[in-house]
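When the chains are written out, they are named A, B, C and D in that same order, and each has its own residue count from 1.
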Amino acid sequence: MSNHLKIVETKMLAEKIFLVRLKSETIAKSAVPGQFINIKCCDGLDAFLRRPISILRTDPYEGTFDFVFMVKGKGTDILSRLKCDDFIDCMGPLGKGFTLPVKGEKVWVVGGGIGIFPLFFLLERSTDVQKTSFLGFRAKDSIVLQNEFERVSDKVIITTDDGSYGIHGLVTKPFLERLEREKPDKVYTCGPMPMIKSIAEICIERGIFCEVSMEQRMGCGIGACLVCACKVKHGDDFEYEHVCKDGPVFPAERLIF
Amino acid sequence: MDLSVNIAGLRLKNPVIAASGTFGFGREYSEYFDLNKLGGISVKGLTLEPRKGNPPPRIAETPAGILNSVGLQNPGVHAFIEHEIPFIRKYDTAIIANVAANSVEEYCTMVEILSDADIDAIELNVSCPNVKQGCLLFGSTAQGILQVTSAVRKVCKKPLIVKLTPNVTDITEMAKAAEDAGADCVSLINTLLGMAIDIDSKKPVLANITGGLSGPAVKPVAVRMVYQVANSVKIPVIGMGGICNADDAIEFLLAGAQAIMVGTAGFVNPNVWVEVKEGIELYMENHGFRSVQEINEALIV
Amino acid sequence: MDLSVNIAGLRLKNPVIAASGTFGFGREYSEYFDLNKLGGISVKGLTLEPRKGNPPPRIAETPAGILNSVGLQNPGVHAFIEHEIPFIRKYDTAIIANVAANSVEEYCTMVEILSDADIDAIELNVSCPNVKQGCLLFGSTAQGILQVTSAVRKVCKKPLIVKLTPNVTDITEMAKAAEDAGADCVSLINTLLGMAIDIDSKKPVLANITGGLSGPAVKPVAVRMVYQVANSVKIPVIGMGGICNADDAIEFLLAGAQAIMVGTAGFVNPNVWVEVKEGIELYMENHGFRSVQEINEALIV
Amino acid sequence: MSNHLKIVETKMLAEKIFLVRLKSETIAKSAVPGQFINIKCCDGLDAFLRRPISILRTDPYEGTFDFVFMVKGKGTDILSRLKCDDFIDCMGPLGKGFTLPVKGEKVWVVGGGIGIFPLFFLLERSTDVQKTSFLGFRAKDSIVLQNEFERVSDKVIITTDDGSYGIHGLVTKPFLERLEREKPDKVYTCGPMPMIKSIAEICIERGIFCEVSMEQRMGCGIGACLVCACKVKHGDDFEYEHVCKDGPVFPAERLIF
């Protein structure tokens, strides 16, 4: 549904990265990890289309949910100026979420940049499993939610592109290294295309369950306009499914990158 | 006050129709509002065989508009008849089958098939800018429109709407060709061909390079074309292009459109179709119009 | 880093030109910024005799754009030469005379007169949508463009730019006709024909009923046409349509325009021309471009 | 010049009518009655063009000036939401003002609706003259600035369209009645077209000096785009001058309505 939701908290987490908490009993109760909301950043024409943003976590008791976004262009810039008690026009929760792990499984999440947010929700909702987070950031000053990830993971491994914190290099590096030693039951990944592509390929090669949360430019956000195409296998052929409705989460082995 | 319109044999309970390609087959938006409130639904452009469509990105945002390059992804006319019509038929709203093809024969085959299906009208899409061959080629010349429409007319047992492209020098020629060939109605405008470039990556935003422009940005062009066409043919006109609210819709009705379609605006406001319908009602009340036709005749020039 | 461009004999110190009809003869904006910063000025469309223009209202605001129907109000070519050239010449910027006429003979007469005047280039306006006869008629067919341009070419002693209308089915045909007829350059786009209706008064907003659409709304159409034309003719292209800032201008340069014109945006931001120029400089610096031509060749498709 | 000016006061004067006071030494010092400013009501596309609004008065000592506007459409609606300490992007002062009366003259101003505002500035700047204001409003609840007009006029005559206050009917009625008895030296008028037309015609007929402030839709606001045409006499013929540069004030006898 489309609704004007009240902002109950906003917080700058790092330069250009903001957390927003919205009041919504419905979303707080019904959203599952991997789902997103579609936001009208302003009335009027300046950011005409809605912007899809993942749900970071919900608080069913308070009837609130959070999302975190990075200022990229016009829409997110406008969003970043909103304040407590302002309203945001949201549609959601939308899309299909992750397959939750089952008790006792070994879960690895691999996230890069803004891709870490849906993974947080997944970790928070995955109980009685052993959880490792591989998180890649640009640099030390762009690291966000480290404490939160540590709270919901058994281990958090951080990499930075420039080596200013944690392991220097891409997040695939420690992921591969660890794979030498142990094998997770489920891998979940979200982030930049090259990253998710190599994680997916590694997992497929080794027969590890892997789900990928995809990004694509959207129109309607609900499956009606068919713009948010995602190339997937279809027998010997391929077809385009749609990130907003069939995804954003897809099994790695279905994707054609 | 009567909101219903009668368009060459097609009776609509109100003049608000969902535009082809923006509304799928109605399923998605049925969760957002009661489809019974719609005058009609023009379904996603159909082809004879299923089509995959173009690679993504398929959409770009532009000032007050969007570019799309979906490229007619659809399950094909047979799947439509089998799986989609039964769903839409549960609602009291007209079903308009939007048809695209690569050849005159293919148009005819499809129209023959659809003539026996449980739909209310056929909209010939001779104006899709996002597929490599056919389609737009027919719509870009009066000759092409005449040719396709005449052939289709012979096999068409439903009210026949021809959807015109705005990417032409003289839209009235195209409308006249459709009229001469026996179309019952013309609908316009399809999208304006456009392009957007990402200056950081130095690539076109759309994988297909160009795409079709829709949304508020195109409204003045659409209103002008509807006005010109309404003044040059006798068959009814369905107007569209950038309608975001009832005021926009009324501009088209004053310009001479007997009914209107709304597409892009629904992406932003899933309730737009209902709001447009209710706003037209209010306007009629406030201005003493008893029928949509009275609005069509009210423009003072 | 070199911002200068050489367009078929016309040297511009930078690629930013004020678009015809939006900048008068430079006097007004000279109070807002230093005209020396402009690559050039395309002056208000000139006719042989003075013209009164159309009755008001001559402007309507539309989503992210405007419609205008000025109708070529101007003091005539002689008054331009006598009173306006001396003023603009005080600045180090190219003077482009924008010329509109009703017949081939009139175009030739004007170009002959202007060839002896102290200007830097001539822009043939065969695309004004706001006058009843001539002008747009020539620009709407390849034949018309060929005819006017060939005739003018014979008497023209200045770099000759042909300004194209977007209200055509295939803009590349028009550009090719201009090239074949000897034009040194094409500029595009002029305005898209549009219309707006005031639903309270039930009248068109413009006294002239229709007008020309410009401003950000048209940018995707303009970028697409510039891209198509740059890929189909060898002569240089000047791009315009909705440029509001340097990013917009760079889209046109990537699409293949050697220079760009800015019009409507100046109404809102009288400093826009300077900002566009400085923004292009910054982009070149950040992306390691040493010349505008390098940007023209940088699009990845 | 175009400048971002700070709002130092805003006040709602009546339903949909707002007064705004802006800080600007330049405008406060240089503006003359009849001139206007051209306002960008918001960043971005929602009200794309600038909106012309008359200057109501200036305070050269405080370095401020006021304008009053009625909410009509998108632009003025956005303006009405601005608050103290917000900034407004203004060009101005623009246009040609009224010919000020000279000492001892009898001055009548005739204004209707939003047309009264430039007349107020004129009255305030006209000293040592005898001043009568004829002001027409829609209804009692749309009357604004009555006290202010009384302060700067010797006499204020108010009419309302619906008779809910003052004289019932058009403002031309008391104007004509009073003309039976006395003859002003200078008449200034601004307001709805039918009103200014009949005032202008009456004055021309009787040989009374009359200046009219005209309205027209604008583009550039400075004389460059030629859209704001105003039909004026030109020998036996006519021509279009431009409200933003040649006006907004024109001698009545030059106008062709």
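One rule holds for everything that comes next: a contact is a pair of C-beta atoms (placed from the backbone, for glycine too) under 8 Å apart; a residue touches a chain by one contact, two chains touch by 3 or more.
What you see is a predicted model, and the numbers here were worked out from it, not measured in a lab.
**Q** When the centre of a chain is set as the mean of its C-alpha atoms, what distance in Å lies between subunit A and subunit D?
**A** Roughly 56 Å, centre to centre.
**Q** Find the geometric centre of each of subunit A and subunit C from their Cα atoms only, then give the gap between the two centres in Å, rounded to an integer.
**A** Centre separation, subunit A to subunit C: 47 Å.
**Q** Once you find the CA centre of subunit B and the CA centre of subunit C, what distance in Å lies between them?
**A** Roughly 33 Å separates the two chain centres.
**Q** If you average the CA atoms of subunit C and of subunit D, how far apart do the two points sit, in angstrom?
**A** Here the centre of subunit D sits 36 Å away from the centre of subunit C.
**Q** Mark out which residues of subunit D touch at least two other chains, giving numbers and ranges.
**A** Correct list: 45.
**Q** Send over the residues of subunit C in touch with two or more other chains.
**A** Expected reply: 60, 63-65, 215-216.
**Q** Viewed as a graph of touching chains, is the assembly arranged as a line, ring, star, complete set, or other?
**A** Contact pattern: a closed ring, each chain touching exactly two others.
**Q** Which of the chains touch, listed as pairs?
**A** The complete list of chain pairs in contact reads A-B, A-D, B-C, C-D.
**Q** Note which residues of subunit D are touching subunit C in the complex, please.
**A** 1-2, 40, 45, 47-50, 91, 216-231, 238-240, 245
**Q** Can you list the subunit A residues touching subunit D in their complex?
**A** Those in contact with subunit D are residues 43-46.
**Q** Contact residues on subunit C for subunit B in the complex?
**A** 60, 62-65, 67, 140-141, 167-170, 192-197, 199, 201-204, 209-210, 213, 215-221, 223-224, 227, 242, 247, 250-251, 254-255, 283, 298-301
**Q** Flag every residue of subunit B that touches subunit A in the complex, lowest number first.
**A** 21-24, 27-29, 31-32, 44, 52-61, 63-66, 68, 70, 73, 215-216, 264, 266-271
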